[in-house]
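Below is the structure I would like to discuss, written out as structure tokens.
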Amino acid sequence: MSDNKHHADAAQSHEEHLREKHLMLDPLPRGRMNEMVMESMMEKPTWKFWLVFGFLAFVVVYFLFYQWGVLIVKGQGEAGVMRPDYWGIFLVNTVFWIGISHAGTFISAILRVFKAEFRRPFTRAAELMTTFGLVQAGFSIFMHMGRVWVFYWLLPYPNQRMLWPNLHSPLTWDLLAITTYLLSSTMYLFLPLIPDVAMARDRSTGWRKNIYKVLALGFRGTEGEWTHLRAAMNIFAFAISPVMFSVHTIVSWDFAAATRPGWSSTIFGPYFIVGALHSGMGAAVVVLAVIRGTMKHMDYFVRGEHFDAIGKLMLIISMAWAYFFFNDYMVQWYGGDKWTQQLLHFHEAGPLGWMWFAMLFTNIVLPWAILWNPKWRANPWLVGFVGIAINVGMWFERYIIIPISVTINRMPFTWRMYTPGIEVPMGIGTVALFILLYMAASKLIPLIPVWEVQEGQMAHELKKFGRETVVSVSELE
Amino acid sequence: MTESKVIDLLAVFSDLAPAADAIEQLRALGVHDDCMNVISGVPVTEAMLGRPRQWTNVPRIAMGGAILGLSAGIFLAYISPFLYPYPIQVSTQSFVPGPPTAVVMFELTMLGMLLSTFLGVFLDSFFPNYRPMKYVPEVSDGKIAILIECPHVDEKKITDALNKMGAESVKPAEAQHL
Amino acid sequence: MIRPEEIKMSTEETGKWGMVIDQDICTGCQACVAACAMENNITFVGEEDAGYGRSMHWIRIERFWEGEYPEVKMTPQQPMLCQQCGHATCEPVCPAFATVHSQAEQLNLQVYNRCVGTRYCANNCPYQVRAFNWRDYQRPEPLPNQFNPDVTVRRMGVMEKCTFCIQRIHKAQDKAKSEGREVMDGEFTTACAQACPANAIVFGRVDNPESLVSQLSHKGHGVKHLEELGTLPNVTYFKGG
């Protein structure tokens, strides 16, 4: 008799546990969720917010824009580049930011295609990372150009001498690919946002209402509007994924197509893509942990289960990265080319050998040591810490591939160590601009796609199989 | 009578099932499917409401954009090198490089396709549209609203029927600035 | 508009102009470096930038040591300049067509006006012989009076490199044309070859079997640098002959 009651209690608490754990099983009325998202967005910023905001704004103005002016007036000599390190931190940052931007597309497109339900609350947060990350990548690549004021010569248009860009050059492909990616990821950010700004329009007054009115484009939610929107989002989810893969593959070709020891590797394409996802996922958990920790009501939308799910992805991607890294290393080592041997030795035992080992530690050892444990994986700050470590490691990886590797070439007379100059403050400036844009966006647009969360909650239910209560999902789409 | 003979009614439901039943009832009362429209805060499919399938041009517009993009890619890859006043040679690579043309055509096809998909949503939904429209803000709180266009004489009959079906409110719709 | 039949791509093994450098008689006196800088209006980057690897010379003398101190042995001096590759890795990677292959002269051209400064060409040059204008360097008076009027002065942010003194090639060709003859072997030479007191540098037509440079380059112990990369360089080196 008491046994039965015990079973019933256990079943009850199991159900409660499931509801507490999963956002999709813990539905709130749509009106309440709208209210929560609007409150989190319109909450009056504290003095701490303005302090950080003001500091970052100063960093952006002084480190990014003022120093950029200095760089343009005085020339690339202000940076640490020279022979043989013609490429330095500006390109490290370009690759790094393009890498960060890959997580947004991965989460909002690939997880949407595969109907991974845990994606729902943070697709927008991730997609914002893509757009803002690409802005930094674009800035970094323009900082790198010796004559940035004639950047439009790279665009495909005929000038007075009927010259078109050189389609033989990987940099021209880069321009086409990054432009395509920036435009399409911005459109893909905007499409699912329309219903949410329509919601914000209905619930705001004053200047906000005017902004949302314009942004919502007159969206009401008629059958036709939803059908067109969903058709478009479906096309985007499928079509933007190959664009994302092509972008980082082409970035890798900038290196792989060159005649340089350590660079001409056929595995660079997938290796770079996995590296991009590695840093991107790391950045995504950091953003989620910060959103959850600092914004009102976000602990309802972003829960341990989400960190657990992304943590699993991070672990798998870390293993894939290790696989590609070893693959690249193994074949280069086995090839026995004397310049490559020199380079590999320089990576490990050169003056910046510590960076090579730190990269292996933060990209492989640390994620594997922490992310295998489901309990640790559900801890936002711990996973966020791993995310930061991975990003440091992935930045090191790009630093090793660019300025450290170009130090070693086939003309030993020119070998020389690279010492960064103005790149450092300007790189910090791009980080500040990224955070600044994100902070501004968190106050201006609903970070949570409420309609997608509600759609998911409608599709989820608890179902009994015998005595076991399990989660069941209906395919509504 | 200067007033039009047709009136718009807006019925608000809080659940999917009564809304679907109401649509069936309306059809029985002689309201044609073309004279109804459903406004919702989450995408509810036509099948759930027993409504005819919505037509969308977005995939066709996307396909058209992809073809335009591919044409731009073909132009850049295969025609633009011939527009120079004299042939330009780089290294010993062929004049029109083989594999790189695939890269150029791929990127421009995708760009054309995605731009036109985006544009397609605007064209099909008549965005942006800032004229006054018939709408209730409760929709974004998860309610389902049915917009019915019916002859003036039927107003009473339909209102009663909808109220009986569980509508939260039924009232004549007025276009308003959103 | 180009008609397809106009396109003649050069794929020959030998180029047109070439050079032979005898490292055994090179004394490392740097006269070629100085002469090249005068002839081609190369800027002086100053002590600090030169010390940081930003010297802009189009030709440099490479010196190496063998063994551990104090048991060191110096190897022959190695003048290094643009090898004017037939299959140049620098050319296809420029997004702006700023470095292209001259079909008339079989040289690698650098179009300063078209350069946007991505520095991909320099990165992709296995010989590391391209020089970038890192800054607008000062040229105090009276240095501007020394400019060679036949050569452009480059500004900040563009790449430059050895041209095999193409202004001298064109001058000689114009003179020969006006006199209704071909350019003779040895009629003119590059600034570096002209200045070399030891005659270690010989310049001329490598596609003419009668010329001194092609006879020398076919001597047994001539080597071309990094030939294994398939770059088809046009400079032959003699060492240990």
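We just call them A, B and C in the order they show up, numbering each chain from 1.
Heads up, the rule we're going with is that contacts are C-beta pairs under 8 Å (C-beta built on N, C-alpha and C of every residue); 3 or more make two chains touch, one makes a residue touch a chain.
Just so we're clear, the structure is a prediction, and the values are computed from it rather than from any experiment.
Asks: Select the chain at the greatest separation from chain C, using centres from the mean of Cα atoms.
Replies: So the chain farthest away from chain C turns out to be B.
Asks: Decide which interface, A-C or A-B, involves more C-beta pairs in contact, and give its chain pair.
Replies: Result of the comparison of A-B and A-C: A-B.
Asks: Can you name the chain whose C-alpha mean lies closest to the mean of all the C-alpha atoms?
Replies: Smallest centre-to-centre distance to the global C-alpha mean: chain A.
Asks: Roughly how far is chain B from chain C, centre to centre by C-alpha average, rounded to an integer in Å?
Replies: For chain B versus chain C, the centre distance works out to 63 Å.
Asks: Using mean C-alpha positions as chain centres, tell me how far chain A is from chain B in Å, no decimals.
Replies: The answer is 30 Å.
Asks: Provide the C-alpha centroid distance between chain A and chain C, rounded to the nearest whole angstrom.
Replies: Here chain A and chain C have centroids separated by 45 Å.
Asks: Please set out, as single numbers or ranges, the residues of chain B touching at least two other chains.
Replies: Each of 81, 83-85, 90-91, 93, 97 in chain B touches at least two other chains.
Asks: In chain A, what residues contact two or more other chains?
Replies: Within chain A, residues 163, 166, 168, 172 contact more than one other chain.
Asks: Scan chain C for residues touching two or more other chains and write them down.
Replies: As it turns out, chain C has residues touching two or more other chains at 89, 92, 94, 97.
Asks: Can you list the residues on chain A that touch chain C in the complex?
Replies: 74-78, 81-87, 144-148, 150-151, 153-154, 163, 165-166, 168-172, 175, 254, 257-260, 406, 409-414, 416, 419
Asks: Considering only the defined contacts, which chain B positions touch chain A in the complex?
Replies: 37-46, 51, 54, 56-59, 62, 76-77, 80-81, 83-85, 90-91, 93, 97, 100-101, 103-104, 106-108, 110-111, 113-115, 117-118, 120-122, 124-131, 133, 135, 137, 139-142, 147, 178
Asks: Taking the complex as given, what residues does chain B use to touch chain C?
Replies: 81-95, 97
Asks: Would you pull the chain C residues touching chain A in the complex into a rising list?
Replies: Touching chain A: residues 49, 52-54, 60, 62-64, 78, 80, 89, 92-97, 114-120, 122-124, 126-128, 131-136, 156-159, 226, 229, 231 of chain C.
Asks: In the complex of these two chains, what residues of chain C are touching chain B?
Replies: Spelled out, the residues of chain C in touch with chain B are 1-2, 4, 6-11, 86-89, 91-92, 94, 97, 99-101, 103.
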